[in-house]
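Next come two complexes built around chain A: one with chain B, the other with chain C.
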Partner chain A sequence: MQTYQRGKSLGDRVLLAAVIGLALVWLAPIVWVIGLSFKPNEVLMHSTGGILAPPFTLKNYIDILAASSVFSWMLNSTIVAVGQTVLTLLIASLAGYGFARTNFPGRSVLFVLVLAALAVPEQAIIVPLHTMFAAADLHNTYAALIAPRLAFPFGVLLMTQYFRAIPPEIDEAALLDRASRIKIFFRIILPLSIPAQATLGIYTFLHAWNEYFWPLVSATKPAMYTLTVGLASMQTNFAQTEGIGFLMAQAVFAGLPVLILYLFFQRHIIAAVAGGPIK
Partner chain B sequence: MAEAEGGIGPSHWTNAAFVAPYMLILLGMLFMPLCLGIWLAFQDYDMLGGWSGGVGIENFQNLLDDRIFRGTVRNTLKFVLMTTPAFVALGLFLALALNNTLRRSALLRAIFFGSSVLSVTIVTLVWRLVYLPDRGLLANALGLFGLPGVDLMTSQVWALPAIAIVTVWWIIGLPMTLFLAGLQQIPPELYEAAALDNAGRWRTLTGITLPSIRRTIVVVAVIEVILQFQLFGQALLITGGGPDNSTRPMVQFIYEAGFRDLQLGFAAAASQVLFALMLIAALAQFWAGRRKGV
Partner chain C sequence: MADLSLRHVSKRFGQVEVIRDLSLEIPSGEFAVFLGPSGCGKSTLLRMIAGLETLGAGEIHLGGARIDTIAPGDRGVAMVFQHYALYPHMTVRQNMAFGLRNIATPPNEIERKIADAAEMLEIAELLERKPGQLSGGQRQRVAIGRAIVKQPRAFLFDEPLSNLDAALRSRTRIELARLHQRVRATMIFVTHDQVEAMTMATRIVVMNQGRIEQIGTPMEIYQRPRTRFVAGFIGAPAMNFLPVAAVREEAGHLVVTLPGGASVTTTVPAAGLRSGAALTLGVRAEHVHPGSGAPARVDVIERLGERTLVYANLSDGSTIVYDEPGDVVLQVGETVHIAIDGAAAHLFDAQGMALHG
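This part shows the complex of A and B:
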């Protein structure tokens, strides 16, 4: 930052131009696709140039409202993402409190297990996980779509880290007053952790909403598809399709909820990625 | 000592109730399938024929002999080698350029991060359209210069790099953000000292900034290697693994062996190979970083 205080050098200008140029490259596909989603399919059959020139149409979006399964998939995605978020917040907060602010025999051993879980990728367990859910006859249910990701250790580690930073005197004073642990957690510590809850909640919601591999193998009935899987199932025969505008409208429609979420909660999302909640 | 890194108050087993729900899920949803998967890798087990007993390392031998599997290992390694340096270099460049409090920089950071909130389905939908040989955005852009459209998706040479470009576009926000976090931690005194010495921008960068974030560079490289080994959705949805298997990644092989051909033991063995390669690659990078004194 100090380097910027010397005023605009030639280097500064070149750097800025390069970054702005890159940003335009980053935006171009999205702007283009949004543009196409408002164009009649017949026009797109021949050419996709000139997205700013008429004719425009809302037909692609009306078609979504009328016929496609996008709405029921969106409902499935919402149920799964909200369910996973609420459960993750509850379970990860409880565990984070237990690891950060209580003592019990075997605590450090269990915490090493949580850390070790970070090293296990989804692909290493997806085949046996699928077998387990098949044995329990749970595929094509919301429970199957929600449960596996609850085991991911990120939330527990984030909450443990956050709870550790809260001054220990708070619990100590409450313990002296003979308050129970569970009361201290719900009445005192949990309310203090709302910023971390927001960060973890939005992060979990986004990941659940965007998850692809597990829903692809678990939800095999079209009625149970999530939006991510459902949209993918319609992408076959892409080059021959007569409904490019319709496909693009679906992409925009499906992307809109997360982009709106991103606009509002950008700081929280980036904080979660950078490895810690907003202080 | 126990106080310093431990919790608050006396140790009592009832406190374990706080971690019990998560630990049960962790055991049931992660460690149990992990162990089951390792066991499965040594069994002859397919979903239709059922379990026909242990076969030792036969699944692994079959993998070694499988031309398609060896191809997927090659493709995955190639993809990791294409994307990881790109993520590190471009992520670092963007972080260095945008590490300031200007409004303009905040907007640019938001643009570069924004694409990563989209799902793989939307990203591939968008980019398949961009890559359409006759009407795609790329063809339109080439047309401006009088060049003909190219069909990257049917080229054995270009299909994988094209998927790599999509991937960099999709999730450049992660390395950029990690680098920004690393840059924020450099003590300002270091820059003040450099300014007193009249150090130029290049010397400040190579003498202070880069050495200070060496650890971040290693971390980002390790994270990217681990993430890019898991290439799946982009390849499945953009090329389906083609042309002629030239873009088929290991995860797609696992997916097809396990969920299309229903050969669970075989697929589980392939999963273990992937897991082992990822661990080796990550440990090797950490080790290399440590030897350089990071």
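This part shows the complex of A and C:
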């Protein structure tokens, strides 16, 4: 520890101080939300300060378990996020394997088109998407909530690059071992790409869980709300809510699955954000 | 075991012709080594036999049946890759079993074959490990084991020793030679290392620029190279090449003069060669004898222990390397006199073709 301390330069210390400062800035609202969620609504009517001072209550959480729609929204979010994650992994992996390993006419052009799709913002295609799903009468269905994000260019790019890094000799060895292309993909290549799958899976899941814009457009019936849309609908109808403490408890409740996911896959998430492999 | 036959095989990569109308017969049970410099097409040829590259033209037959039209896995060949290509997520046992499971081999037979191969290669204690937990030499053995359990009609080795250190490479050469004696299968081994070729091959196929330069046993290739390319590629140190001129005939044999004036009587018949024809004399270090003959100045001395290689400059500046005993007393800059053993020397014409006696 002593050596470590001595080895640190001034730059490192400044950086560390900045990181701690930023972490505090980011943590402060979360701590505040958690604190408020344990406060009686009557107290919060007067002031939302003093979160560390009693009285505290669990009533807000009990009310969630008893009454609100948070559970059904959470179920919707889970179905959408899991569905999107599983299907994105499958589609991106298959497309990536195709780009990385097969040589078909127009491959380069197609790959450039996939890359170009990275530059198209979601907002730019929201109207045609809405029109298409309306025409197919698919709004307010899980299919509508899941489908538009499945063609995920970043996922295809990530998997293509990962598969390219796997020596082709391994595929060739499997070919000589009388494995079919499909068998090579599922038995050899997919297991070897678990780190990339984890990265893409976590990224997709978190994105799907936090997605707000498209569910807001597509899910218009409260029964099909995802958690983000549901919580937002309560906030916008502030006067009708049962109080700030209850709202905060819902926010905490909504964040729990992601927090649990983070705790389990911390290493993979950091690797995904840093863009490097897992050590 | 099978005869491998390549008939008028060609291959292009874009504008580059990597294999040019190549025909070759490898008798059953041979240890054939494809030897040549980088880019000569030897690995491509091996991959074409395996089915990993398509043929531009020609046919490949194994054991009398045409195989170039069928899938790699159906050809009855097993390949050991340069970087081993073991499945990293599988244990050694699973690596060896994968190919057998794919052809629905009964589990007890799979176990028996793995146990036999593991015993032969001394890898029984590694069966539950994954490739990442093995050393380079162990991976090499596993890769060979994966090939052996399939009992292929032909083994294909693509420079499998190039990633091993010198000591391990030398040991593995001996083990591969033993393995060949034991399984008696046709083996095709690709390398650019002439020592590997000389030590393991029953037949060497020397390749250059997509063509076969010469096929023969190691000693045939060493003692009677058909071209200047083969002569220069085989043997360490490389054969000396000296520009000479045909001067006269002596008892029907050609006499040539070295730079500096000394003459060498070769075993090449003089008939058909005009006096003054520009030729290249090729002679190996062990056939250059110090003591008398053309004067030369010692330039570099390489001591190898049991022998010493002396690089000396002749009067025209050309360098000749010759053998001295390991403990020879010699200084750089000293003048020595060297004589060439005409009976062991080779002559090459302007096209690089050997003129044999």
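Here is the rule we go by: the second predicted complex is superposed on the first by the 241 of 279 C-alpha atoms of A that agree within 3 Å, B and C clash if a C-alpha of one lies under 4 Å from a C-alpha of the other, contacts with A are read in each partner's own complex, and residues count from 1 in each chain.
One rule holds for everything that comes next: a residue touches a chain if its C-beta (ideal position, glycine included) is under 8 Å from a C-beta of that chain, and two chains touch if they have at least 3 such contacts.
The structure displayed is predicted, hence computed values, not measured ones.
Student: Chain B versus chain C on the shared chain A, clash or fit?
Tutor: In the superposition, chain B and chain C stay clear of each other.
Student: For A:Ala95, using the defined touch cut-off, is the partner it touches chain B, chain C, both, or neither? Pick first, second, both or neither.
Tutor: Touch status of A:Ala95: first partner only.
Student: So, A:Pro121: does it touch chain B (first), chain C (second), both, or neither?
Tutor: Only chain B is touched by A:Pro121; chain C is not.
Student: Where does A:Leu175 make contact in the superposed view: on chain B (first), on chain C (second), on both, or on neither?
Tutor: Once the two structures are laid over each other on A, A:Leu175 reaches both partners.
Student: After the superposition on A, what does A:Pro167 contact: first (chain B), second (chain C), both or neither?
Tutor: The answer is second: A:Pro167 touches chain C but not chain B.
Student: Looking only at chain A, is it chain B or chain C that touches more of its residues?
Tutor: Tallying touched residues of chain A, the top partner is B.
Student: Per the contact definition in the header, classify A:Pro191: touching chain B only (first), chain C only (second), both, or neither.
Tutor: second
Student: Mind working out whether A:Tyr142 is in touch with chain B, chain C, both or neither, as first, second, both or neither?
Tutor: Touch partners of A:Tyr142: none, neither chain B nor chain C.
Student: Pick one for A:Lys183: touches chain B only (first), chain C only (second), both, or neither.
Tutor: second
Student: Regarding the shared-chain residue A:Ile244, is it in contact with chain B (first), chain C (second), both, or neither?
Tutor: It touches chain B, and chain C stays clear.
Student: Using only CA atoms and the superposition described at the top, report the least gap between chain B and chain C in Å.
Tutor: In the combined three-chain model, chain B comes within 6 Å of chain C at the C-alpha level.
Student: Where on chain A do the contacts from chain B and from chain C line up?
Tutor: On chain A, the residues that contact chain B in one structure and chain C in the other are 172, 175.
Student: Would you pull the chain A residues touching chain C in the complex into a rising list?
Tutor: Residues 167, 169-170, 172-179, 183, 187-188, 191-192 of chain A touch chain C in their complex.
Student: Considering the complex alone, what residue numbers of chain A touch chain B?
Tutor: Per the stated touch rule, the residues are 1-4, 11, 15-16, 18-20, 22-23, 26-30, 32-33, 36, 44, 46-49, 91-92, 94-95, 97-107, 110, 113-114, 117, 119-132, 147-148, 150-153, 156, 168, 171-172, 175, 181, 185, 206, 209-210, 212-213, 217, 227-229, 231-232, 235, 238-239, 244, 247-248, 250-251, 254-255, 258-259, 261-262, 266, 269-270, 273-275.
Student: So in the complex, the part of chain B that touches chain A is made up of which residues?
Tutor: 2, 6-19, 21-23, 25-26, 28-34, 36-37, 40, 94, 97-101, 108-115, 117-122, 124-130, 132-133, 135-137, 140, 143, 169, 173-174, 177-178, 180-181, 188, 191-192, 194-195, 201, 204, 226, 229-230, 232-233, 237, 251, 254-255, 258-259, 264, 267-268, 271-272, 274-275, 278-279
Student: Touching chain A in the complex: which residues of chain C?
Tutor: Its residues touching chain A are 50-52, 71-74, 77-79, 81-83, 85-89, 98-99, 102-103, 146, 150.
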